[in-house]
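Two complexes come next, and they have one chain in common, chain A, joined by chain B in the first and chain C in the second.
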Partner chain A sequence: MSTLGFSEEQRDCLQEIINVAMGLASDKLARFLNTFVHLQVPSIALVGASHIPAEFENRYQDTEAALVSQGFFGNEGVRGEAIVLYQMENAHKISALLGYEVGDVSEIEMLTDISSILTTTFLNGLADQIENSLSYSAPRVLSSVKGDMSALLKNTSFHWEHALKVDISYQLIDHSFNCDMILLIPGEAVTNIQRILDRILEDY
Partner chain B sequence: MALPVLICDDSILARKQVRKSLPESFDAEFQTAGNGLEALSILRSQEIGLVFLDLTMPELDGIGVLEAIKAESIDCFVIVISADIQPEMKKRVMELGALAFIHKPVNEEKLHSILKQYGLI
Partner chain C sequence: MPHAWLNSPILAQLNSGVIVVDDEYRIHYLNAFIERHASVQLSEVQGKSIFAVFADLPEAWLKRKLMSVLDLKTPAFSSWEQRQYIFKLPHLRPITSSSQYMAQNCSMLPLSSEQAEQPLICILIEDATDAFVYQQHLSKTLIELERANRQDGLTKVLNRRYWEEQLKQEIHRSQRYHHPLSLILFDLDKFKDLNDKYGHLGGDFVLVQLASFIGSLLRDSDLFGRYGGEEFGIILPDTSLDGAIEVAERICLAVAEYPMLFNQQTIRVSVSMGVAELIPKQHLLHDDLIRCADMALYNAKRAGRNRVCSYLAGETEYQKKVN
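Right after this comes the complex of A and B.
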């Protein structure tokens, strides 16, 4: 993150806000899946959006994957697009847990639900802490066959300048489940976020 | 006499938030720890009356700290302040002997009422 000029204090502040938001999202997810979620500290990094396809190429290259995207906008120029990436192999584990047939049409609906829970709960939690409120567009699902995730990511991320990567790794009681959340944000949003973080830091 | 208090959280912001949420009348001497191992080393070597403990931390998490406190019969009150708010987590924490389980970001009123309940303010 230091590449885009966050100070150590700003990074600590953003990490804590994200941890709290992630805690809310995990609680929602645990209730939805009726299980306990072992929460890990999400690792966050701010990168140029053009680097996103390359960052995820390896992980999603040789696997069936899905991408769920949802736009958000709030006050003070806070806006962007949240995308959640899944390896279908992981998604099938969740389907099984919820009693769906693997490959069922409703599996995509399930992914939309989980993504919505993750992104809207996460982003609402984040917005609450920075005294903002967000609106969302309807989620959009893009499935990918082996190898074309990079192209999908390229098409999704090319309108944006920056991306806040949040690596989420969930360990359910008997299953491990990983997904990646990426928040794509425009250039001016970084300055806005820094201003908001500084305002929070001033309070302490 | 000032109460020796340990605030254990990996986030500097979170430690400051706890400190700021405490009432002015709270007479305490503060120390901080950035993870569970640091907290345990302080708890083993000094008398600490009250610990504010985060759960999700590197090195050793809050559950690990609570288990060690219990196993080693370290005499201190623990108030858990956590971003992990799952009911199951609260249950585990309370079973391990914590006084209270507070959600992050810390709510001042809730914190004050707990401190009052246990005669700490």
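Right after this comes the complex of A and C.
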């Protein structure tokens, strides 16, 4: 992951916090879905938000993909927008696990549910560790069509300075499920996160 | 069960619904917004199951949502765009909305409180009827706009631009699936004389009447459009030349026997029709097929009007004027 003003200690600390958050999320999901959830250690990277569209353009170019956005805000200036990107075939897999039947709910509702669960379980785990608590706005599906992913990402990431990319790969007992999560955060949130990381580091 | 910490004057004044239930879906609290809209009293429904009090709730769906809130300790959401309402409540805009019930955005939040013994969920209900109404107006307008974009203003048949687009698509389909496709172009005979005799209002009247009458003779799958002035086109999918000639003859006869009453005067008209069938390797563009039908139409005019002529394969020149 690029440094973007993060010291090596801060970087390691953040990676560790995210690993734990992901572990908490997968544990909760496993219990909720009643199935074993194995989670790979997520690789993270902190980049300028303007680089995001190009990075994801190739991966989602020729496939039916969905992009769901959900805002989050907590104390001490921790706020941002969580974007979950996935290929639709993956979304169909997990919808079956969530107990949806075909025709039961609209595809949009299914997408927002999945994304909201992934985002909020993960971010709650993250917030707990930094002694924060987050509120969320309702998730919005920005797109579920082919090919316009990069334009949408461009419009969405335009408002933000930094982006924390988190590759999420869930392995459910019979299924594997991949998606990308991008946390778009403003400059002052990065400063705040650094301060929180320093505080955690001091405690050790 | 009553929770003193929920009895805040702000919750009572809030212009959104607040309902608090426990992990067995029993109602612990609801605010004045819900009391008034649903005509219930907190004192009467406290401790009862939310599904007993609000009998119309989508029970399985809501239980799954609430369960995820309890299990994952994360909020769940529902938008009016996917589910117009969860609680059947009247709204306060009876005239402007076509819907009887309040459109709602709902948030279901895990409630952690040291005062409560059981896990609680707060259901927040926001009135989204305004957004719903705007959205409906917008959808309705877009549908009208789309129709206006396809229709000829005077005769209400397809306009030329849209009709030609359809022709291109039908040609494409016909070539892909090897189905026959035919085209009729026709022209109202001596339209100029009609205009001179009855005025432009009379001419317009005849075009409108004729379009509506011919439209009633066609199949649903036929595509009827105004090509320009007094010239019209009919796309006949899945129809060979013989079938198309039959249709054209039938229309031609019916029009000649269809009197129209305008300002107490009976107007009788006739049409000349040209028919052509798509020849897959020859007609690569829709213009090619139109040109063939137009050539046949020209021949029908030359041969004395009020008749049908068909395009013969290989024909490249207009017939010499008869007589």
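As a working rule, the second predicted complex is superposed on the first by the 186 of 204 C-alpha atoms of A that agree within 3 Å, B and C clash if a C-alpha of one lies under 4 Å from a C-alpha of the other, contacts with A are read in each partner's own complex, and residues count from 1 in each chain.
Note that in this section a residue touches a chain if its C-beta (ideal position, glycine included) is under 8 Å from a C-beta of that chain, and two chains touch if they have at least 3 such contacts.
Please read all numbers here as calculations on a predicted model, not as lab measurements.
Novice: Just chain B (first), just chain C (second), both, or neither: which does A:Pro53 touch?
Specialist: neither
Novice: Looking at the overlay, does A:Gly80 come into contact with chain B only (first), chain C only (second), both, or neither?
Specialist: In the superposition, A:Gly80 contacts neither chain B nor chain C.
Novice: State whether A:Glu9 touches chain B only (first), chain C only (second), both chains, or neither.
Specialist: Once the two structures are laid over each other on A, A:Glu9 reaches chain B alone.
Novice: Now for A:Val37: first (chain B), second (chain C), both, or neither, which partner does it touch?
Specialist: Only chain B; A:Val37 stays clear of chain C.
Novice: For A:Asn19, decide between first (touching chain B), second (touching chain C), both and neither.
Specialist: In the superposition, A:Asn19 touches chain B alone.
Novice: So, does A:Asn124 touch the first partner chain B, the second partner chain C, both, or neither?
Specialist: second
Novice: Where on chain A is chain B touching in the complex?
Specialist: 9, 12-13, 15-16, 19-20, 22-24, 26-27, 30, 36-37, 39-41, 129, 200-201, 203-204
Novice: How about chain B: which of its residues touch chain A in the complex?
Specialist: 10-14, 16-17, 20, 56-58, 82-86, 88-89, 103-105
Novice: Hey, which residues of chain C end up touching chain A in the complex?
Specialist: Contacts found on chain C: 61, 64, 67-68, 71-79, 81-83, 105, 107.
Novice: Please give the residue numbers of chain A that touch chain C in the complex, ascending.
Specialist: 28-29, 31-32, 99, 104-106, 108-109, 112-113, 116-117, 120-121, 124, 136, 138-139
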